[in-house]
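What follows is a short report on a single structure.
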Amino acid sequence: MATVSLIEYEDANDAVRAVYDDILATRKGGFINNFWKALAHNPELLARTWQQIKAVMAPGALDPLTKEFIYIAVSVANGCEYCTHSHTAAARAKGMSPEQYAELLAVIGLAHQTNGLVTTLQVAVDDAFKAD
Amino acid sequence: MATVSLIEYEDANDAVRAVYDDILATRKGGFINNFWKALAHNPELLARTWQQIKAVMAPGALDPLTKEFIYIAVSVANGCEYCTHSHTAAARAKGMSPEQYAELLAVIGLAHQTNGLVTTLQVAVDDAFKAD
Amino acid sequence: MATVSLIEYEDANDAVRAVYDDILATRKGGFINNFWKALAHNPELLARTWQQIKAVMAPGALDPLTKEFIYIAVSVANGCEYCTHSHTAAARAKGMSPEQYAELLAVIGLAHQTNGLVTTLQVAVDDAFKAD
Amino acid sequence: MATVSLIEYEDANDAVRAVYDDILATRKGGFINNFWKALAHNPELLARTWQQIKAVMAPGALDPLTKEFIYIAVSVANGCEYCTHSHTAAARAKGMSPEQYAELLAVIGLAHQTNGLVTTLQVAVDDAFKAD
Amino acid sequence: MATVSLIEYEDANDAVRAVYDDILATRKGGFINNFWKALAHNPELLARTWQQIKAVMAPGALDPLTKEFIYIAVSVANGCEYCTHSHTAAARAKGMSPEQYAELLAVIGLAHQTNGLVTTLQVAVDDAFKAD
Amino acid sequence: MATVSLIEYEDANDAVRAVYDDILATRKGGFINNFWKALAHNPELLARTWQQIKAVMAPGALDPLTKEFIYIAVSVANGCEYCTHSHTAAARAKGMSPEQYAELLAVIGLAHQTNGLVTTLQVAVDDAFKAD
């Protein structure tokens, strides 16, 4: 039901295949999910987005699983069904336990609630919270 | 600029003071921030929300700092200025390093971008991502 | 801080003044608030929006105060600071009691929370909830 | 298509069954809808969320049907498909007439429009709308 | 899966048929899409919305295709699946090329990203950007 | 009121200055706006974001002004005050006329309204709108 057709590996041009190959090499045992097949209509955007994900989601000051929690939180708040499913699956693949998921869920629910309360009340930011 | 006045400690009734006291005792060296002073018009909601935050944000399968990252991510995506400021301050108080903040920022930005791309393309969820 | 200047009554052309006059006549004791003064750069959009508000917010199967509650709920969820303030003021002008506001706040907070929980869990709609 | 399996009554533990029983007793003639079956993986969050809904949605200064209107408005603006369906069904079960639904729809549409106009124009809040 | 039944032409009353006829006459070779069939339960809202679309989407200072790009951008950011599909189809019907779609997609993705970055950082508006 | 301090040119390291210089060279007569000064705490993200903006917003199948309209539309729907101001200023700098702005505003308002109506009604996507 995408707005464009999905480009399979065998129908992809060389630029797209190079990205597909790198995705498969990076995510051992993985597959090319629909997002990339839809994005492949724009090989430049495909390559740039994949490079960005590879750079940003790599281990660093935050570990990859923590990054998936953050990704899920954003995707839920933005109402992105696909992203919520794909990053929940990614978090599980990176070792998220049921207990961690239960707490992630509770924090997301709580944050939505207090976001709603604060915005209704239009609370002004305390001076103590300001950095500059 | 809140839609209600802020209730200071000295003007609070006993039910509100009990919550304020518990906030101060739990957050050593802290203060009552504006959110609670606005919520205090509804002592029951104040008490319930505080109890919920205490329960959900406590150490568990996820550590408190990770929970703040998730909270910030939701607050940003919901466009809640107050919540973004207060939970960024909370994350710093819990030890967030500049390097961690830099990566948090990059993940939030990236997630917003791919949320936007996926929703534009209306990509269907891969079967492999479905849990049931 | 609007993206356009605000057009005051004395600087308005006849088409804009006609709308301003009708706003003042409809909202006895009222004033022209900033929204209209910004919208006045587009007299046609100004007139159409005002006509729509007059028609939709009039007493009908739902009373005007209930309509303000709904308006506030949408405005909060959309993160519209101006709309939240102006419709909270409008609800008060139409008789909203502190007890009603306290419950409105609690419902909005709760709805945000369960929205967040449901979207995280990607719950499928029960057949029993479908109308067609 | 939820991110977790749905826990049916016969597979539920005692803590979950206690909540399910209370839902069925409170909503005479009702059933356990999918939201609760997904949430049941976290019995504590299940119990807390149900207690909160029972408390907040009970008759008070606002009647239960008005609370459903507010709930629908939030759910629509947050783009929550499940919540929109379930609370529209709940509103109907509580007596919402087609005429009321028609007006609810019109108010939600109007509020979205003026939210969009105001945010585009970045209109500053009038002093007269400020409570403090 | 709409919350109301869809009203087909043969079941529509005269007021609804008049709008349907005008839609068919305006969009040569077109059809009555589901949105109108659901909205037809409220003939007044149906007529007003159609009149508004006809007026706003007509050629003017912006050409109709540019207006569809803007419509898609809003619909994506609001997470409206139906609107994203219907206005992408409309843009194609008005001549959107694959190259234009590729760039539209890239701009929408980029805007989401910088929106997320700016909101995380809570950047204050530069004086130079203010109009008043 | 940003969550980080703003890094001025004279305090910037070489990597940041290189981006600042390129921004000033690209936007003749321009200045370094606050977004970049806040992002400069992460020189890599600063450079990547600037490169992305330069590539995406350049003339192509869509002209730069049309791209600004799309950017504004996304920013409004996401409730990003800074982005709405900065891209409205950018559109004006690229020649947006008052008449174009008036129509942009009307389309954004309309799209929000029908997004709200469609989501309330949960209208199913017509088969004719589907690309695959």
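Labels for the chains are A, B, C, D, E and F, by order of writing; each one numbers its residues from 1.
Here, contacts are C-beta pairs under 8 Å (C-beta built on N, C-alpha and C of every residue); 3 or more make two chains touch, one makes a residue touch a chain.
Values in this document were obtained by computation on a predicted structure and should not be read as measured data.
Participant: Please pick, from A-F, C-E or A-E, the pair whose interface repeats that of D-E, with more than half of the contact pairs identical by residue number.
Facilitator: When the residue numbers line up for over half the pairs, the pair is A-E.
Participant: Select the chain at the greatest separation from chain D, using centres from the mean of Cα atoms.
Facilitator: It is F whose centre lies farthest from that of chain D.
Participant: Going by the touch criterion at the top, tell me which pair is linked by more C-beta contacts: D-F or A-E.
Facilitator: Most contacts of the two pairs: D-F.
Participant: Just give me the whole-number Å value for how far the CA centre of chain B lies from that of chain F.
Facilitator: 27
Participant: Just curious, how far off is chain B from chain A if you go by their C-alpha centres, in Å?
Facilitator: 20
Participant: Quick one: which residues in chain E touch 2 or more of the other chains?
Facilitator: Residues 1-4, 45, 49, 52, 74, 76-81, 84-85, 88, 102, 104-106, 108-117, 119-122, 125, 130-131.
Participant: Mind pulling up the chain A residues that touch chain C in the complex?
Facilitator: Residue list for chain A touching chain C: 72, 76-77, 79, 81, 84-85, 104-105, 108-117, 119-122.
Participant: In the complex, go through chain C and note every residue touching chain F.
Facilitator: These residues of chain C touch chain F: 1, 3-4, 41-42, 45, 49, 74, 78-80.
Participant: So in the complex, the part of chain C that touches chain B is made up of which residues?
Facilitator: Touching chain B from chain C are residues 79, 84-85, 88, 98, 101-102, 105-106, 109, 116.
Participant: Going by the contact rule at the top, pick out the chain D residues touching chain C in the complex.
Facilitator: 1-4, 31, 33-35, 38-39, 45, 49, 52-53, 56-57, 60-62, 66-67, 69-71, 73-78, 80-83, 85-86, 88-89, 97, 99-100, 102-104, 106-108, 110-115, 117-126, 128-131
Participant: Okay, in this complex, where on chain A does chain F touch?
Facilitator: Touching chain F: residues 1-6, 48, 52, 55, 125, 130-132 of chain A.
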